[in-house]
Amino acid sequence: MEVGFIGLGIMGSRQAANLRRAGHELTVFNRTRATAESWATEHGARVAGSPREVAEHCDVVISMVVDGDQVEQMLLAEHEGAVSGAREGALFIDMTTIAPSQTRAIGARLAERGVAFLDAPVTGSAPKAADGTLTIMAGGEEADFERARPLLEAMGALVLHVGPLGQGEMIKLINNAVAAVNCAVLAQALVVGRATGVDLEKLMEVMGAGAGGSTMLALKGRPMLDHDYAPLFKLAHMLKDVRLCLEEGQAAGVPFPAAAAARELYTAGLGRELADLDFAAVLEVVEGLAGTRL
Amino acid sequence: MEVGFIGLGIMGSRQAANLRRAGHELTVFNRTRATAESWATEHGARVAGSPREVAEHCDVVISMVVDGDQVEQMLLAEHEGAVSGAREGALFIDMTTIAPSQTRAIGARLAERGVAFLDAPVTGSAPKAADGTLTIMAGGEEADFERARPLLEAMGALVLHVGPLGQGEMIKLINNAVAAVNCAVLAQALVVGRATGVDLEKLMEVMGAGAGGSTMLALKGRPMLDHDYAPLFKLAHMLKDVRLCLEEGQAAGVPFPAAAAARELYTAGLGRELADLDFAAVLEVVEGLAGTRL
Amino acid sequence: MEVGFIGLGIMGSRQAANLRRAGHELTVFNRTRATAESWATEHGARVAGSPREVAEHCDVVISMVVDGDQVEQMLLAEHEGAVSGAREGALFIDMTTIAPSQTRAIGARLAERGVAFLDAPVTGSAPKAADGTLTIMAGGEEADFERARPLLEAMGALVLHVGPLGQGEMIKLINNAVAAVNCAVLAQALVVGRATGVDLEKLMEVMGAGAGGSTMLALKGRPMLDHDYAPLFKLAHMLKDVRLCLEEGQAAGVPFPAAAAARELYTAGLGRELADLDFAAVLEVVEGLAGTRL
Amino acid sequence: MEVGFIGLGIMGSRQAANLRRAGHELTVFNRTRATAESWATEHGARVAGSPREVAEHCDVVISMVVDGDQVEQMLLAEHEGAVSGAREGALFIDMTTIAPSQTRAIGARLAERGVAFLDAPVTGSAPKAADGTLTIMAGGEEADFERARPLLEAMGALVLHVGPLGQGEMIKLINNAVAAVNCAVLAQALVVGRATGVDLEKLMEVMGAGAGGSTMLALKGRPMLDHDYAPLFKLAHMLKDVRLCLEEGQAAGVPFPAAAAARELYTAGLGRELADLDFAAVLEVVEGLAGTRL
């Protein structure tokens, strides 16, 4: 299949490489053209001058950019957007994390032009993108998903069709909001442990073996003890996801108080200039609240 | 070793059976004597008429009762309490979940009488008690722990000395508070998912594979979807543990806002007469808040 | 002074009437022209066909519309917006409640065209608009405020210059967020009182005389006891203000946890279809959480 | 009427003086006898050697001590407690702030001995105690309240019979919990205002004139701006009252999430060694959370 790929950043470059490895011909576009040229030299691909040009050459176009405004620009911009070059029966797949409501709005505009659309955000960071072991949750029509499946499976280990358009994004947001809460709770538990004289290594061992266990404990417990916030997922990005989740909740009239409380802690992280550190740095906020250090 | 065991309830009877299996001679006491007689007939043990009598026969006395007031009564009551019969060099081990501050107060009174003391609460429910695969976290002197270790290892798979007296209890309380929060967050995530049109099976699959994963998701996700609250750990007991954790936190001047928020949800569970159901029934409260059902 | 007035809704029509009473000549615009015609017949005013036409006739143009998007359209729309007709040295005053960041963005675009700008949102509802007893908090340049003062004092009893552009809006949002919290706390206190057997009349009397007193108690206590939610300020509008306040807080990296918690309660009000009732209807959400009724 | 008064501390000494001024004969007791002697010399009163001796001389005995345990000791202690000397038809009135459940327990034990009992806690600090302008909310039998009324009216400006025994205490706790929340919200609003560039004087003026107004704003706004925490009501005492309110709520199965969140902020105040400052010092905790200063 000839596949278009828009956005060759940290994630996109690794995902596109896995599509090449699976034998697909690629036409790529990146805002900084030099990045695209260099990638194409290494992996073999046609470099397009615009998203429109990508779409002119490919039946399927994948986007992996920064936010919803970029997705809109890449896919819908008047002259150079991919939709302007879309072939008959084209399928666009957006893998960026954006608001479900924006996904649906983009899908509606693509549908007017006869273009099918899937949202297929991912979880897992750069190493999993490189290994092709991402979790990919796709929203959209079943038939479109089946058409996309071989491509998605080249990039992910767990590939799920989760429902109509936008539901991939929504599941991703809820998953991240739960992670944000569990991480904030972990930070609080460690601070409570320290203040009550608990051996934190033992606390982590007991929680890990028991009811208090979580992916966040496994991933962030040790870094918190070390105050090591080398960014795997930046605090500012986690905050963005929690905020989007709450916005969708508000639109649906459904409360998510634990996420709302967590949002305020991560917001205080922004104020402390922790935005570009790993979101485990929420520990600093909890320490500030308690007036103590681990 | 000749071992005394006070409290042959759901947990205690199974733990004591594992001590028998490991070859220890037992003297047992239970408030309802018939229970003790029947247990002794099945497993082989001397039945004592009082905690004092237990202590007269054994160098090590284990208690596994309901709450701190019962522990005090069993160990410290003026004429019939175990301390009244304690041998020279005796070691008492309390495995009940009680407040760390009460543990330390009991320990201080035992120390005046020359009795060593460990707190060794457990995590894991009846099946793990039966299998001898509990997690046991013990607080107290290192030497006392080493003396107790063979007994504890007959009852638990993970047996840890976690620090001074009371720290076993404190770690248990923090672990349960984190579980209470993670469970409440899970309930909220499911309700948000339903209200935003998400496929909850897919949401659970994605969270389980990713950042939102937790022991609570693994244990309580399915029962929540089914509104199945057959009690593995009663909501009232979970609420008690969260409350004790917050009390210790207040005494230490350290906040635990996530646990405080969870406490109010479980409190509302009491008001809804969910006290004797599994604590996963906190979902009912979240549904009441949202005004929807899963 | 010849004054333009855009937006003759419930508030605007009353405010403009007070400007007339104070002797100012008015040119008015309303999206539904018939409303403007009828108002002009009653009060005496020139009716303009567009915001541009308003600006062509007046040195000062006041807007009182629904939200930030309408303000942008009225003031900045390419051909018909007020800015297209602005006289040299014109001053625009927006009295709508919108996001401070949007106010500043609008102000920047007006400044490029040489138009001065104040934000001057109000507190107080229709009766106070009619009486000319609103509280008006204005942000912008001191000189512009002094120029506007006679107009603002015709509409308000307390007229304050609170700081640079946008700060009128920010103070209004914080004030409303505090009100939203105090109202939600009141609802909780009443529900706690009922559940603990308290005489709620006596509770309100004691709080009113003491430390628990608040404007919200004075305004919303009785309606809550009566479950009377005739809208003085709609729950949906209060929720919008709390949300805007939190958004500004997030942008500034400052947490507001009490408002975040309140936001979730009002959000649950949306889900319960209370959007168009008075925000005192948050009591229904608190009752749903508690599983009881007052 | 001959009246007994137990506890001549900051509040009690002023209240008792107002009883003297109203013409009542007093028999007083204080744990530190010198305090009682000195008070009696100044105001004229019989000094008793024990609570029992107080009760032997008076039909009505008022207690105003520190906490529930002291009330129990003063009224119920085996040989020297007031109950041991109670006359036939005696009425005891406790004005200390204690848990309603403890009030009811004390009342039950007094009833067994034929002694009537009212709880009549107060709001208002030393100056209002001196002026006789306290707010007094009494729980108990109507007839007992009517008997006590002339005494209570000598000490308070607003004297209310609020319901059965314990309800005076419960109303007081709810009132204080609401105050604790409103005060914490005020602190948050000021910190948000500072971080978003707002003029805090103007913010306070607008809130005071509008929806965000509260007794807490009037009493604590200025001290917060000045970081002046001279204690009118100590943070530790406010925390105690919030905690008691939440305990009663939990017993009744009713949630009070706003108070629970506030409790954690005041708890962090303990950890910051603010216990003996005014509870307005919760601002320090909010500043610590936000990582900023007003």
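Structural remarks
As written, the chain order gives the labels A, B, C and D, with residue 1 at the start of each chain.
The rule we apply is simple: a contact is a pair of C-beta atoms (placed from the backbone, for glycine too) under 8 Å apart; a residue touches a chain by one contact, two chains touch by 3 or more.
On a predicted model such as this, the values are computed, not experimentally measured, just so you know.
The chain with its Cα centre farthest from the Cα centre of subunit D is A.
The chain pair from A-D, C-D or A-C that repeats the A-B interface, sharing more than half of its contact pairs by residue number, is C-D. When the C-beta contacts at B-C and at C-D are tallied, the pair with the greater total is C-D. Averaged C-alpha coordinates put the centre of subunit B at 37 Å from the centre of subunit D. With centres defined as mean CA coordinates, subunit C is found 54 Å away from subunit B. Each chain gets a centre from the mean of its Cα atoms; for subunit C and subunit D, those two points are 39 Å apart. Among the residues of subunit B, those touching two or more other chains are numbered 195, 249, 252-257, 261, 268, 271-272, 289-290, 292.
Put simply, subunit D touches subunit B in their complex at residues 239, 243, 246, 249-250, 252-257, 260-261, 263-265, 267-272.
Of all residues in subunit D, only 100, 123-124, 135, 137, 158, 160, 162-164, 167, 170-172, 174-179, 181-182, 184-186, 188-189, 191-193, 195-199, 202-203, 205-207, 209-216, 219, 245, 248-249, 252-259, 261, 289-290, 292 touch subunit C in the complex they form. Interface residues of subunit D, counted against subunit A in their complex, comprise 195, 257, 268, 271-272, 285, 288-292.
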